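Paired with chain B in one complex and with chain C in the other, chain A is shared by the two complexes that follow.
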Partner chain A sequence: MAQVKPKNFYPTNGPTDSAEVNANYTAFQGSLGTGDINQQNVRSEGVDLRQLSNRPIEKYVAQLRNGYLLSIGAVPAVDARYQSFSLSGIKEYPINHDNTGTTNTGVNKGTKLRINGTAGAEFDGDDFISVNWNLNLWANYIHTPMAELVTAIIDSNTKDGGSGATYPYGSGIGEWCFIVYPKYNTVSNALNDSDFKTAEAAGLVTGVYFDPSTLTGTPGLLTYYRGFDAFNWDHTMVVPSVFVSAGTANNSPFLMVNSNGTTIGGSLNGALGGPQMLNGSHHIKVKNNIGSTKLYGVQLYISGFWRMHGNTTGTGSPMNCGMFLEPDICNPSRVNTDGDPIPLYGVDGECGLERIQIDCTVYSTRGA
Partner chain B sequence: MAYRWNKNTIENKDIVESREFDQAHNEFVSLINGGMDRENLPIECVGYPEMKKQSFGKAHLSGNVFTPIAYADQDGVYGTGFSNNNTRGNRIVGLRYGQDPINEGDSFFEVATNSFDCQEGMLHIHWKCNAYMPFYYAFWQAYTSNTVARKRYQWKINIDGVTVYDSSAICQSFFTTNIATMIPISAGNHKVSVSLRYPARGDDADNQVLLQYWGGNLFCHNLYR
Partner chain C sequence: MPLTIPNSFTTNTKIEGVKIQQNVDAIKEYLNGGIVATDLNEGEWVATPYIMKGLYFSTDNSYEMVSGLYKGIPLSEMPVFNPGYAGLFTGNIAAGPVPGTGISFYLEKEADVHLQINLSPRGLPLAGGVDGAAIELRLDGGVDNYSQQRISKEDDMQPSSGASTDIVGFYRRRFYQMTVIYPTVAAGYHDLQLFYRGTLRAVPIKFESYSLRGFYRP
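So, the complex of A and B:
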C-alpha cells in the first residue's frame, strides 16, 4: 500500500480538529514507511538504471581459464590425457589439469569454477543458469594399431579380416567418442570433487540426467547403456575421434590421432589435422521450489569411450537409440593359452586436452 | 522530472483556514500517488526483491531434443554380429533416406520449436545439439563399387518461418553444434524453430543410417525494450 488519501477539509472548511490533522499525517506516515513505496507511487518508466542496485538480467557471472598452452608438436602432460574407461576402469574424470598440465583440485583451477565467491549464488524460482565452455582437443591417443581398431567395412576383402583370418578385423566403424559435461556443486564452497553432481542431483532441476557415475553392475553393452529418450543429455558435448574414411582400401581410414597440434604428425597412418576448439553449453531453468539451495561452483567432467547403440532386440524399425560406455580394450588378435582366438573388440585410448575456458551466468527472472 | 513538493509554511499564531491544509497536502499527494520518478528515488534503491519477475525479459527453454524413435531405423548393413561385419554387436540407428523426415534429402525439416508471447525488444536464441553421422559410407558404399557423396548436415534457426541463422555445413562424424543469434523482436506470439537439412540422395541405399541427433537444447531469451 502506498497511495495516500488524506481527508480534505474543503468544502466544509469548518473548525479544524487536531485529531483530523494528525490523522492525515498518520496516513502519510503509514504510506511512506520502509518498503512501502511501490508501483503506485512511481510513474510509468520513472525508474532509471541508476536506481538499480543489482544487474537486472545477469545475476551472477563467473569465468575461468585453465591456462594450459602447448607448443606445436608438444605432447600433453600425463594429467592432461584423460583415459578411456576400458583402460583405467574410471567412469568419469573431473577435467582438472591446470596451467602446467598437472592435476589440481584447487578452487578456480582446471575447470573448477567458483560462483559468487564463498557466498555462492542464491536463487529465486525460475532463474536460469547458462554454462558455456570452450575446450581445445589437442589429440586423440589410441592404444591400438588403427587397422585393428577400425573395421574396414568399406572393403569387402577385409570383411573377414583378410585372408586366413578367423574373425573380422577391427573394433568398429568409429562410432565412439568422449563426452564432456558440467556438474554442479550446491553442497559447500569448499568445492570438493565428491560434491559435484548433475543439475538434477544437485537439486536445481527435475529430470533424469546422463551421469556415468551412476552406472552399476557388470560393465557391458547393455548394462552400461544410456538411451537418448530415457535420460536428459542436454548438458553433454561430444568429442570426436574419427574424421572420415578416405578410401576403399583397408589402410587409410582417417582418424585424428597423435597429431600433437601439427597437421602432419602422427605415428600411424591417417593422422589428420591440428587441434580442434570445441564448444558446448548447458541452459537450465531452476525449479520453482529451489528453497535456500545455493550454487557454489561448476566443473567439467569427461567420460569415454561412449559408443552408439540401438537397444531393441533384433532388427526392424523403429528403434531406440543411445550410447554405452565401452568396457573392453581393442585386441582382435588375442588368443588363449591354447592359441584359440578370444578377441576383444572394444576401444581404448586417451583424450589429450589443452586449454579450456568455462563460464557460468545466472539470469534472474526477476529481471529476466 | 518529478514535481518537487514546495510546502506552504504556516507561521506561528497564524489564523489558518483549514482548506490551506488541503492545499499544502495535495501537492504532496499528487507527487506520492504516482508522480515519483528518477529525481525522487535514491541511487541504487531498487534491488532484486523490488523487481517484479519477468519485468526485464522472459526466457523459454525447450530441452532434451533427440531423433524421434518413430523415425529411427537400424542400419541395414552395419548391424549385429559377424555376419554383417559388426564385431562389437552394437547397432547403428538413425534417420535414413526414403522415409520421413529426410526422404530424398536436401530440404529442411523441423527438429525443435518454441512458441511464446514476446514483448518488443530483443530475442536471443541459443541452440546446442549433439549429432553423429556414420562415415563408413563416405565415398564408397559397403561391398560395392558404388560411390556415394561425402555427408554433411546444416542447421537453420527460423522465427515465424523467416530464417535468422544458417549454420555452415558440418562434416564431422561426431559434433556438437553450439550456435546463437540475437534479433529485434516485435510484441506478440512468435514461433522459434530449428531445422535440419541433409544432402540429396546420391548413390545411396535406403538401408543406410545417415544421422542421429540428441541432447538438443533450445534456449530463447526475450529482453524487453
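So, the complex of A and C:
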C-alpha cells in the first residue's frame, strides 16, 4: 500500500504543528519503502519490462563437468565402470565418478548438479525445464570370452533358447543396452541420493516414468519388464553395447565400443571405433499447480543391461514390446554338481564412462 | 533505495524552511528516478498484463519500450544455421579448423549461449592415414574436450578368424550431436568453429546444423 494522503495546511492557514508536518513526511517515507510501490503508484503503461525482471526467459541455468579426462588407451577406474544388474544386483547407479574416477556423492561432483545455489529453482507454473548431457562412453566391458557369449546366443540351437530351453525368449545381437536418465531432487538442497526421483515422482509433471528403482519381486522377465507403451521413456538415453555380428559369428563379434578407448578402433576387428560421445536430453513443462515445489538439483543415473522383449499379446506388430532388466549372467557351459548342464543365457558386463557434461535450464514460458 | 526523510521536527520549536526544503528535495529525488526494482511490490501486482506491449523490430531483433530499449530474444531463438552438406575437407590436420564450419554471432552484453550442433562426418575408406580422428567444437578457438567426438574410417570389418561375410564399413558411422552451454560469454563478436584432429584422407560432412540461443545476463 503506497497511497499517501498528507494533511493539507492550505487554505486553512492555521498554526503549523510539528506533529502534523512529521506525520506527512512519515507517510511518504512509510509508504515508499522497499517493496511498497504497487498499482496505486504506477500507471501500468509506464512500466518497463527490464525493471521488473532481469531474466524474463532464462530463469535459471546451471552446468557441471565431472572433470574425468583419460588419456587414450587408459582403463577407467573401477568406480567409473558401472556394472550390469546381473553382476552387481544393483538396479541403478547414480553416475557419480569425479575428476579422479572415484565415487563422490558431494554436491556438484560427478553429475550431481545443483540449481540456483542452496535456494533452489522456484516455479511459476508452466515453466520449462531442459536437461542436456554429453556422456563419453569410453568402452564396453562385456562378458568374456566374448566368443562364448555371442556363440551361445546366436547359435542355431540356442538363439531362441533352443528346443525345450529354459529361456524361450532367447537373446539377440543388438538388443542389449544400458540406459541413462536424469532424476530430479525437489526435497532438499542437501542433494542426498535418496531424494532424487523421476520427474513425476518429484512432483514436476504427471506421467508414469520408467524407473528401475521401482522394480519389485523376484528378478526375471515378467517382474522386471517395462512396456514401451505403459511408461514414459522420453527421459532415457540408450548406451549401445553389442551392435552387430558377422555371418557365422563364431569368432568375431563386433562391439560398438571396445579396446579400452584406443585411438583407432576402426582398424581392429571386433571394434567399431574409439570412445563415443553420446548426447541425451529431457525436456518437460512443469505442471501449473506446482505450488511451492522447488528444484534443487538433477543427477544422471545408469541401469543395465536392459534387453528388448516382445510377445504375441496385445495388438499391432510386434504387439507388446518393451524391455526387461536382465538378472542372469552369461554362462552357457554352467553345470550342476552332478555335471548336468544348467546354462545361463543372460548378459553381463560393465559400462566404462569417462567425461560427462550436464546442464539444466529453467525457462519461463509466460515471458514478456 | 526506499525513501528516507532526512529531517523531523520538535514540538514548540520553529519549523525551519531549510529542513522543509531538504525533505521536499528527498521526495523529489526519489520520485524523479530514485525508485529501484526492489521498491516494487512484485508479488502483489506485477504480472504480464501490467506490462505495456512494446514495438518489435525484426530487422535487428530489437524491442523498443516506452522508457527504454530491450534487445535480445523475446520469445524466439537466435539465428539457426543449417548449412546441410558442408562439403568435403581433406584430412591430415593437427587440431585445425574445418573449412566451412565456422559461424559468428554478436552479443550486446554478457550472455549465456546455448548451442546445439548436429552433423554426420564420414571417414572415407581411402588408402593411407590412420583409422581414427577426433572432432570438437570451439568457442573463440578455446579447446573444449567435453565436446570431443571420435570417428573412424569406414573400412569394412572382417572376422578375426574363420570365414565370414564382411560387415560393411558404415556401421562405424557416428553422428556428432552435442549440446553445450557457454556461461557468461562476454559482449561483442564471437565465433564457433569445428576443429579436427586426425589423418583421414577425406571427410565429407553431411546434415550439418547449428542451433544457437543467447540469454542476456542481468
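Quick note on the criterion: the second predicted complex is superposed on the first by the 268 of 368 C-alpha atoms of A that agree within 3 Å, B and C clash if a C-alpha of one lies under 4 Å from a C-alpha of the other, contacts with A are read in each partner's own complex, and residues count from 1 in each chain.
Keep this in mind: a contact is a pair of C-beta atoms (placed from the backbone, for glycine too) under 8 Å apart; a residue touches a chain by one contact, two chains touch by 3 or more.
On a predicted model such as this, the values are computed, not experimentally measured, just so you know.
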| item | value |
| --- | --- |
| Partner chain in contact with A:Asn279 - chain B first, chain C second, else both or neither | both |
| Chain B versus chain C as contact partner of A:Ile37, first or second or both or neither | both |
| Which superposed partner A:Pro343 touches (first chain B, second chain C, both, neither) | first |
| Chain B versus chain C as contact partner of A:Phe28, first or second or both or neither | both |
| First, second, both or neither for A:Glu58, with chain B first and chain C second | second |
| Which superposed partner A:Gly310 touches (first chain B, second chain C, both, neither) | first |
| Which superposed partner A:Thr100 touches (first chain B, second chain C, both, neither) | neither |
| Larger contact residue set on chain A - chain B or chain C | B |
| Which of chain B and chain C A:Phe9 touches, first, second, both or neither | first |
| Residues of chain A at both interfaces, chain B in one complex, chain C in the other | 2, 16, 21, 28, 32, 37, 42, 46-48, 50-52, 54, 57, 132, 243-248, 279, 281, 366-368 |
| Residues of chain B touching chain A in the complex | 2, 16-19, 21-22, 25-26, 28-29, 32-38, 41-48, 51-59, 61, 63-64, 66-67, 69-74, 77-80, 82, 85-94, 126, 128, 130, 132, 134-140, 142-143, 145, 150, 171-176, 178, 212, 214-217, 219, 221, 223 |
| Touching residues (chain side chain A, partner chain B) in the complex | 2-6, 8-10, 13-16, 21, 24, 28, 31-32, 37, 40-43, 46-48, 50-54, 56-57, 59, 124, 126, 128, 130, 132, 151, 153-154, 156, 159, 167-168, 170-175, 177, 207, 221, 228-229, 232-248, 278-285, 307-310, 315-321, 324, 332, 343, 345-346, 363-368 |
| Chain A-facing residues of chain C, complex | 2-5, 7-13, 15, 20, 23, 27, 30, 35, 37-42, 44-46, 48-52, 54, 63, 65-68, 70, 73-75, 112, 114, 123, 130-132, 145-155, 157-167, 171-172, 174, 176-181, 183, 215, 217-218 |
| Chain A to chain C touching residues, read off their complex | 2, 16-19, 21-22, 25-26, 28-29, 32-39, 42, 44-52, 54-55, 57-58, 61, 63, 65, 69, 132-134, 136, 243-252, 254, 263-267, 269-270, 272-277, 279, 281, 355, 357, 359, 361, 366-368 |
